[in-house]
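In the two complexes that follow, chain A is the common piece, with chain B as its partner first and chain C second.
After this line comes the complex of A and B, so read on.
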């Protein structure tokens, strides 16, 4: 895992079978049949969210929520410690004769710190995990996958019936079938 | 789950099952029993309460005999030297049945607000062009019909008990002159707003306006059901009336909260109070709505309303729990920081004499729901929602109780049988009413333009 993991790059994987669709309903039906046939779909790239695809391809739930919780706890601890250190331990100040150890008055700082750490932490981890960092080249299987086409990628394995998979794609309205290996695409 | 395939949505007719009838009857009977127990205990409780407040009074008085003399004694506490007039009001002469009227007033206010924010919810769904909620839109539509019932109860309670509940109403009758001892310039200054005429006329006028808009929105929705599919004129009109309602309601609801609840502590004020009240009832109404949706689904209706919709309701409950706590703390912190004596009285009595209730309120309305609903799996679990939701509903009722009782009775009261009984009785009537309203029309808004969107609603993995 992580940004240095080459496995995340498509060109370092096994040969990929690529199907290109123009219609989302046909894509859904195709994905459903392929998934039911026991073939693992690596990913489907669509220009807009297609509801239900995540369930069909068996996408696991994002871990972002757990990371958010972890960041929130970190932020809360950090800010509580900070305000305690500054305001109670190191330099207590008499402001309007208010007690310094009154925790409810720390709540705004604690709250804002928690939100800040959570927001930054989530963005950081999100970009890291998705390789959306500066200097990374994008890996579009089809230039039109950001516009009006949907691209399904299936990683081949030993013993996979590639012809059957390609046939299923074709039968469900894939307008183009391709192979992708070592960074080279071959139109079938 | 919606797999992007087409989901056929047909009209359904809700039947008020004997089981549901029995449930609401049980709530009402339990409520009556508890309220009866509470009323039976009133006498004894009142004596001990008087004994307690007598200690705090500066001099012994023959309470209950001469109103003017007692008021004189109370307002003699006004200390104008250091901080300006103080707002201590020792309630020495409350008759035992004040507690009954105060309870009816709280229950009436609570359920009036629940019905009103249901209407607000309904309006917001239209204004925001919300699609996901169309499948469950009949539930707020049924809840909002409850408006007149709690309002009538509220009016009766105010009519019977206003002089004992509101000390400004009591003061109004004394007719003191500036030269008299016990003259209260603050109450006199507020008398343009806080007076008996205003207390009845202002809420009545507003409730009539809100009620008319509610009937209009409901009739538009009914007309839409009978129209042809694809006719969006009713939807457009609903959006317009919703917008009108939202503006009127948004400006006026605070005033209602000030007039009915905040004026219990008439010397005190908080500008955030109305909004805080709104949010208290808003989060409760969403919880109640989630309960109704869960029940209706369990009975086999609304097959296209899935766990995705329940999840969204759970998210609303969670989000507004946090928002409630934000307002709760803000109101307190600003007063704490500003250190203005006249703003302190509200928290002083609640924190010194009602510490348990004060902290319980925060635990029930924030700590438990926040931790309980934090996880996604909790929001998608009916049983977790039921347990946490019950705590939230009771907690917010207790919240309203805590806004009123210390101001009316001073120290020494507790959320007892009478309070619980009144709540359960009202909850029973409310449930019965809403189920009956649900049977009045089809359970699905079949011609709503966003029905399909709602049927395909999916928040993803």
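After this line comes the complex of A and C, so read on.
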């Protein structure tokens, strides 16, 4: 599995059914019913985080915490090695006849290095995994999905009852229904 | 549907919808700057000019133009450094510690407080860097091989810990701020009309679409960054305090310094947040987002941290007496009744006595009064650093070295000038980026607890 989450891209996909909501509670109820009916929801785009949607669309738990731990261990090892190399191995400095070996006075630099490495290492993976790259062309299904609208996208498959899905969307308060294929949207 | 809590006031008033939030908060970015902004920005540029002149004079003449001397080798410069670093603590505290404690009232104020942190750390860094004198060899503070002109750095020195702590704090705060900004920059990208604006905000938003998968990971990274930033923010002022506490100067050599400095930093940081937000909510019409409830919560933190700082002052005195050490006892008696008594009593009045007024609800809910008090708090905190640094140094173990110290015109110019840097950055931020976190505020509109 590559690091980049390919599910985030809308390119090279089958026809998609799009439902647009303006109310969070209605969207939640709609998404829940559609998922219970066995329809896989490709993604839901919201202007703010709506808790619970990730479970409904079947998003797996992120491994970011483990990556953060790995980065922290790397940072701590790097900093300890750096201090040991400079301060003990390469050029031991006699300062007030203090011992030239590991002392608690190394702790602040080790700690800061660990935090720095963890924060930037973890963020690097976050950006990569989420396809967040400077200058990328954003794939918006609705210009207001970053403002006040919530957009549900369902990728059609052979044997899917599209009409039933669209009906479920409509019954749960979707204000607009559309089809999306090859970059073109048709309002239904 | 809005759910009203029976015990808490609404965090956002005025029955706002998500669309209202975007419109209200993006207004200064999408429209031409207001007169208030233009006046404020011009004033900031004037102060920035004062900084430029003072700095150039210092650089071309040497730090002899400051009044520091062999006894008082740290004067206004390090006072200002600690003052600005302290101010820089509220941002991370609000965004990290209050996030971990699930305090939703932070959502309207975290963005501007984080911006304030970054600008304050820039101001702070100016002073130790230029105090080095030969600033062009400033890179010697970094762990570079001996061939660069210096030996390896000394890892036992708190001054080196400072280099690591401040640079880590600055970069991690900047990262935290930027990650928090991405969804809002995307909102602006989809609203702005000009081609340049679309390109700039498009570049900075990194293709954000608001996918549920991204949001889930985004919330997790915010939580982990908050978990990392919490010990980081505590470590930074702890390390700054060890610049003093590890020395053998009476008045500095105390184990109480780390918690006392951290509490003082939060105190002054919240003071500055209150100064900025009381004005911003009025001028930018954000009274429904930064409500009286927010001011009330902030002033309570000011009162608590002010009291902690006050107890620390009194504990220092007690320990000086209890230690039986005559040098320690003299240092503290000299602070209180010596030639700098006025600085000491200003500090006590502003930091310990004045914030007690926030026990009264009227004081916590009256914006103009909070504004005045926030200035008083920061005056007090500047005096605290002045008292710690100057009164301890001006009379050391050798009476022959005793001197008096006052800042030169250049030192005063540099200090006033950093307000120019700070406010120029802040005004640019208020014009080009959303001052309030739109995405987070939209998530609390329904007032679910």
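Just so it is clear, the second predicted complex is superposed on the first by the 179 of 188 C-alpha atoms of A that agree within 3 Å, B and C clash if a C-alpha of one lies under 4 Å from a C-alpha of the other, contacts with A are read in each partner's own complex, and residues count from 1 in each chain.
In the analysis below, contacts are C-beta pairs under 8 Å (C-beta built on N, C-alpha and C of every residue); 3 or more make two chains touch, one makes a residue touch a chain.
These numbers come from a predicted model, not from an experiment.
In the superposition on chain A, the chain among chain B and chain C reaching more residues of chain A is C.
Judged by the touch definition given at the top, the superposed model places A:130 against chain C, while chain B stays out of reach. Contacts of A:73 after superposition: neither chain B nor chain C is touched.
In the superposed model, A:105 makes contact with both chain B and chain C. By the touch criterion defined above, A:164 lies against neither chain B nor chain C after alignment on the C-alpha atoms of chain A.
Look at A:143: by the touch rule set out above, it reaches chain C but stays clear of chain B. By the touch criterion defined above, A:48 reaches chain C but does not reach chain B.
Of the two partner chains placed by superposition, only chain B is touched by A:32; chain C is not. Touching of chain A by both chain B and chain C, each in its own complex, is seen for residues 24-25, 50, 53-54, 59, 62, 65, 98, 105, 108.
Residue ranges of chain C in contact with chain A, taken from their complex: 1, 17-19, 22, 143, 146, 151-156, 158, 160-161, 164-165, 168, 171-172, 175-176, 179, 182-183, 186-187, 189-191, 202-221, 224-225, 228, 231-232, 235, 239, 242, 438-440, 442-443, 446. Contact residues on chain B toward chain A in their complex (touch as defined above): 1-5, 329, 332-333, 336-337, 339, 374, 376, 456, 458, 460-461.
The part of chain A that touches chain C in the complex is made up of residues 5, 7-8, 24-25, 43-50, 53-54, 57, 59, 62, 64-65, 68, 82-83, 86-87, 90-91, 93, 95, 98, 103, 105-106, 108-109, 111-113, 115-116, 118-120, 122-123, 126-127, 129-140, 143-148. Listed in rising order, the residues of chain A touching chain B in the complex are 24-25, 28, 32, 50-56, 59-62, 65, 69, 96, 98, 102, 104-105, 107-108.
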